[in-house]
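Note that the chains are named A, B, C, D, E and F in the order they appear, and that numbering of residues resets to 1 at the start of each chain.
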Amino acid sequence: MSNEIIAELRKDYIYNLMIKGEREDGRTFNQYREITIDTNVIDKAEGSARVKIGDTHVVVGVKIQPGTPFPDTPDQGVIITNLELIPLASPVFEAGPPREDAIELARVTDRGVRESGALDLSKLCITPGEKVWMVFIDVHVLDDGGNIMDASALGAIAALMTAKLPASRFGLGDDSVVPLRDVPVSVTAVEIGGSIMLDPSMDEESIAGTKLTVTSNQAGELSAMQKSGVHPLTTEQINYIVDIAIEKAKEIREKFLVI
Amino acid sequence: MSKPEKLIADGIRLDGRKPDELRPIKIKVGVLNRADGSCYFEFGGNKVIAAVYGPREVHPRHMQKSTSAVVRYRYNMASFSVEERKRPGPDRRSIEVSKVSREALEPVIFQEYFPRSAIDIFVEILQADAGTRTAGINAASIALADAGIPMKSLVSACAVGKVDDTLVLDLNKDEDNYGQADMPIAMTPDGNITLLQMDGHLSRDEFREGLEMAKKGCTAIYEMQKSALMEKYSSQIEGDNSE
Amino acid sequence: MSNEIIAELRKDYIYNLMIKGEREDGRTFNQYREITIDTNVIDKAEGSARVKIGDTHVVVGVKIQPGTPFPDTPDQGVIITNLELIPLASPVFEAGPPREDAIELARVTDRGVRESGALDLSKLCITPGEKVWMVFIDVHVLDDGGNIMDASALGAIAALMTAKLPASRFGLGDDSVVPLRDVPVSVTAVEIGGSIMLDPSMDEESIAGTKLTVTSNQAGELSAMQKSGVHPLTTEQINYIVDIAIEKAKEIREKFLVI
Amino acid sequence: MSKPEKLIADGIRLDGRKPDELRPIKIKVGVLNRADGSCYFEFGGNKVIAAVYGPREVHPRHMQKSTSAVVRYRYNMASFSVEERKRPGPDRRSIEVSKVSREALEPVIFQEYFPRSAIDIFVEILQADAGTRTAGINAASIALADAGIPMKSLVSACAVGKVDDTLVLDLNKDEDNYGQADMPIAMTPDGNITLLQMDGHLSRDEFREGLEMAKKGCTAIYEMQKSALMEKYSSQIEGDNSE
Amino acid sequence: MSNEIIAELRKDYIYNLMIKGEREDGRTFNQYREITIDTNVIDKAEGSARVKIGDTHVVVGVKIQPGTPFPDTPDQGVIITNLELIPLASPVFEAGPPREDAIELARVTDRGVRESGALDLSKLCITPGEKVWMVFIDVHVLDDGGNIMDASALGAIAALMTAKLPASRFGLGDDSVVPLRDVPVSVTAVEIGGSIMLDPSMDEESIAGTKLTVTSNQAGELSAMQKSGVHPLTTEQINYIVDIAIEKAKEIREKFLVI
Amino acid sequence: MSKPEKLIADGIRLDGRKPDELRPIKIKVGVLNRADGSCYFEFGGNKVIAAVYGPREVHPRHMQKSTSAVVRYRYNMASFSVEERKRPGPDRRSIEVSKVSREALEPVIFQEYFPRSAIDIFVEILQADAGTRTAGINAASIALADAGIPMKSLVSACAVGKVDDTLVLDLNKDEDNYGQADMPIAMTPDGNITLLQMDGHLSRDEFREGLEMAKKGCTAIYEMQKSALMEKYSSQIEGDNSE
């Protein structure tokens, strides 16, 4: 009970700040929290990255193994993206099969990589129709401080950028880098009482009416979008978010994802 | 079908449509006896049925909300709805589609009228042909009205895509398979966007243009939804008068 | 509570009618509700049928794909029948894995097709021991108005009668019809207070002590039977049901299932 | 074994039985310590154990019935009970068998004596050889009596089948595999049928004749069930007297 | 409620006996209940054994089939051990997937066989990398009278000792015995209030603070150990249990497991 | 790596350690914000994170104990923590490891202080290199202290094994794969054993000797655990003073 009251007071506090154009942690509406990315943190993975955005902390591991292609794309590699909201990361997460929010996060992370064409799937073919590289992107959320979405997407691309195809381990020639040809970046905005803010903290996320994630590529074009949450958005709001998301993605890419 | 050389020739799509033209739509309201509201919706080759139950009791009870109804949405593809038989039961895709479809409809439902109760929306895809989620939302929106659930408005949905570098309305299966972008949209009649997903490749300008095209498509669908409901309503009135 | 009282009153009403030899909807005890069957309703399926019996509404889709035979029947095709009682079809159905009543309906539908020898499984063999046709019969119940059993069985055979083997799609020669050699029909009776009625409505089904489904073939012989429910039946009752079920199956077959 | 040329020669079946002869039956009552009632039942090559617990509390509680006991029946095959190892856990077949077996026994149990409680019947198939469901029902019926559950009567079960165009009682595995029809039956001593399934091919007359043959088989089994219970009961009395 | 009181009284009773150096059933602390082992009890299994230790009753069936080896041991057979605590065996067992106690019992049974090297896995290879014998050890608990662990381990080795490789059934030559080269025996002790007792009855097990299972081989050396339960043990207690477990295993082996 | 010819040469192991030497250990306390207590623990190539939540409410409620807290322990391997990708979710091994790890820690927790509540321990294996269960217990023990859970003492854990007929402390992956025995141990500072598992091949004397070696390893780890907690505690004091 008292927990709920505290939560209620907290919401009021954030809402009142927002009306004055301020945020809990002193950021401007378009400002991200501090981002740190460390790569190659897991030796057993073919690629890996630890991403922190403020309090949020995820580790992404990329495992790459030979496998069978899908029948309808016999000459293309396979991407499989998983994300679990394990109970270690938040008092509100529960053990068990992934629920709809975890599945949505995984699928939007996946689409960011896939639809941007970041991975050249045709170069992941070993023997057409028989053997291709399976790229497993596993996102392990360790601490939920809000905006897991962007941390997950950043971690996925950072891990891929440092990953190698373990050909020698499977007697398939020499190891090589993963065939990357773009660097998509996801930027997530929330709408709170009509205002738009980037990179929501956990508290901001909890009171937001809706989220919009916009993934854009090196050319500044859109690769994927996902509206999540029950508040509608106007065309103006959407166009505004798209514009700043593309700019912000450029900044993040240039600062953190230089190949 | 393997990738055709061209998906648009002389401004006309392979199925004969112009770029901004919707596929044929067929709507039947109140097609089920057991459900409180229902709708059969054909959208090109898509055949979907939506049913609404509620407001009704919530099981299990800990899912109740004390100040509003819970809205639940189950999008389900019949095993025989697609070329390769689909294993029965929910998969990751259908769980995501159910979530965003529910969120597309929640804004228009007066949930606060029915605390502690549930409004259940079931959408069955009997035949799939690109655009099942938008077909489902269109059907569900009508089924909610048919069930007498108080709503601020209907919700209408369709997709915009890009094929052969051209923006087109309402992708069919081949355009979806071989196109460059797909963007499903749902909106209210006053232009509020309640569902927005995109994947593929769109420039900022194409996105803006596509959004406007989608809005026109939704407006056209909205008129058909209204007509279908009117028709059922007026035939009932007539039926009542003729007694 | 009030729902239960209404249900109770309804039961009394039906029971009292039954004593007078009448039914809710004016039918005689041996009369079916109106039956309509439409075939080829799903283009994506190799065969399909929509069956309505009164308020009851099912769609059956038949999908046919190449697969591996069972080790003990290397030269025979495979039939797999599924039926789900999805929550769209009734306020009392729930989402989740099929429960015992759905499983029973699926298995009795399956046995009707299988045990009548309607499908010549040996003609569904492509390469003995390696590749055979897998025939998936999926029953999708859309509206439960009682007697799903007979609707399901009718839908299954009607869908099979219009199905084709999609050989060309799998590079296995020309498409051909499904090798049918019989047309089984299921007839379901219920026992209510000692009386026997065919084709129970939902209300009748809910107060019935027991159901007996009798599937018979073109020769008027029995292919499958299933008693379902907790009331015992006497030998006389069973023999009576068998006799009228065979007659009624003949009527239904001649009216609706002409090849 | 592949299909033999003949399953019946000179009126005698491959295992030496006459058409209307049951396989050997062995019954042991009260073989388990933990259960409230139990029975080991051998029926030809079938070896089954039934245990009964109850009346006892119902978990989860929403499964309680306010005016009678709920009867639950779990038919389970041991992984090693069949030629090809069976994966542990329930499958669709065992769920159906559990349902019809429960319905075969419910009519004889005075469920109304124990509102809000459960009577749990567990049947484990240790070795399977055609006829496991009827063996299970026979065993369960005795285990119920052994547990002191009030019953109107015992229930007895066996199958009738058709092989080489001849009706035979109590199919063995080969007759089941290569026969033309299989019809398991359960009944009360006064001839009420509580389980009836059939698959294969029977004419109307064969069916009638088969039903009568099954009833004779059930009557014979009923006598053995009674004897087994008597024996345990009288040995207890003796035991009591000798103290 | 009254059940709990009876349980409480029972515990006090056992505890008080224990203080006097006595046990409920008159045994000494190091004494087993009566053991009976019958083998070849299930014709359909390649090997089987019924083991009773006092009230406890288990049936172990061994099924052997050809299968694919694990990639990292291409020339070795595979052992898979399963144990279910089915609700037939005790009022406290529930239907459903195995829970942690059943899984622990299965895994300790498995390690007893595996780590003792009792089965020569290299002799279970048919074609390296392709086909090996899969040995399924299925433990079916029929009556829980305490110390299922030792009954399960005894049943597993007794069933293996009588098992044959069913080569002829799979067209792989003549049947032969399973290549056994040791006879591990598990002995379980419990600690109750500082005292150590072997072969706990159900009541003793329920009040024990901790269990220690010690599996030793023909040479009197250790193959596997497992502490189970929340009470700590001292080094002295552990060494004491190890010593008597090895002796007791020898006795049991000589009496019941003569090849 | 395939089996090396020798795992110990001239009394030195392949990774340069002496037989009774632990791998390098790195400890960070309080690494997570959401959890009530947490610890990052590196143990050779093992990288594990432990988090503790509680005492907190128990869901579902029927799992509550009326006179003490329930302790729950979830050991989970990240999919990418091992050479061959592991399928997400619990398997039989992780369920057993969770059970024995919980039992290794329960004796030191004052569970009776928190009736009807839960103490949840989550251990994630980010990288695995033989010894994950002992690394997890070491980390969890610190995380419990960091969460302020009242404890009688810390618990320390490490394994002893046998390779090339020599007893060695703290097996690495190759020694685990190609060694002759593995025996993980957990103990309290006063020498009480709270976890003991063994598999492989040990004589009675080797076992006794190995137990003593493990105890020395645990004692060394205990000192490191204490230091790590002290360090965090003193840096907090300093931090408080400097304000």
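By definition in this document, contacts are C-beta pairs under 8 Å (C-beta built on N, C-alpha and C of every residue); 3 or more make two chains touch, one makes a residue touch a chain.
Small disclaimer: the values here were computed from a predicted structure and weren't measured.
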item	value
Other chains in touch with both chain A and chain E	F
Per Cα centroids, the chain farthest from chain C	F
Repeat of the E-F interface, chosen from B-C, A-B or A-F (over half of contact pairs identical by residue number)	A-B
Farthest chain relative to chain B (centres taken as mean CA coordinates)	E
Inter-chain centre distance, chain B versus chain D - centres from mean C-alpha coordinates, in Å	52
Averaged-CA centre spacing for the pair chain E and chain D, given as whole angstrom	31
Approximate Å spacing (C-alpha centroids) for the pair chain A, chain C	48
Arrangement of touching chains [line / ring / star / complete / other]	ring
Successive chains around the closed ring, taking chain B as origin and chain C next	B, C, D, E, F, A
Contacting residues of chain E [partner chain D, same complex]	42-45, 48, 55, 57, 59, 61-63, 65, 82, 84, 86-91, 95, 97, 136, 138, 140, 142-145
Residues of chain E defined as touching chain F within the complex	98, 100-101, 103-104, 106-107, 111, 114-115, 117, 212, 217, 220-235, 238-239, 242-243, 246
Contacting residues of chain D [partner chain C, same complex]	92-93, 95-96, 98-100, 103, 106-107, 183, 187-188, 191-204, 207-208, 211-212, 215
Contact footprint of chain A on chain F as seen in their complex	32-35, 45, 47, 49, 51, 53, 56, 74, 76, 78-85, 88-89, 120, 122, 124, 126-129
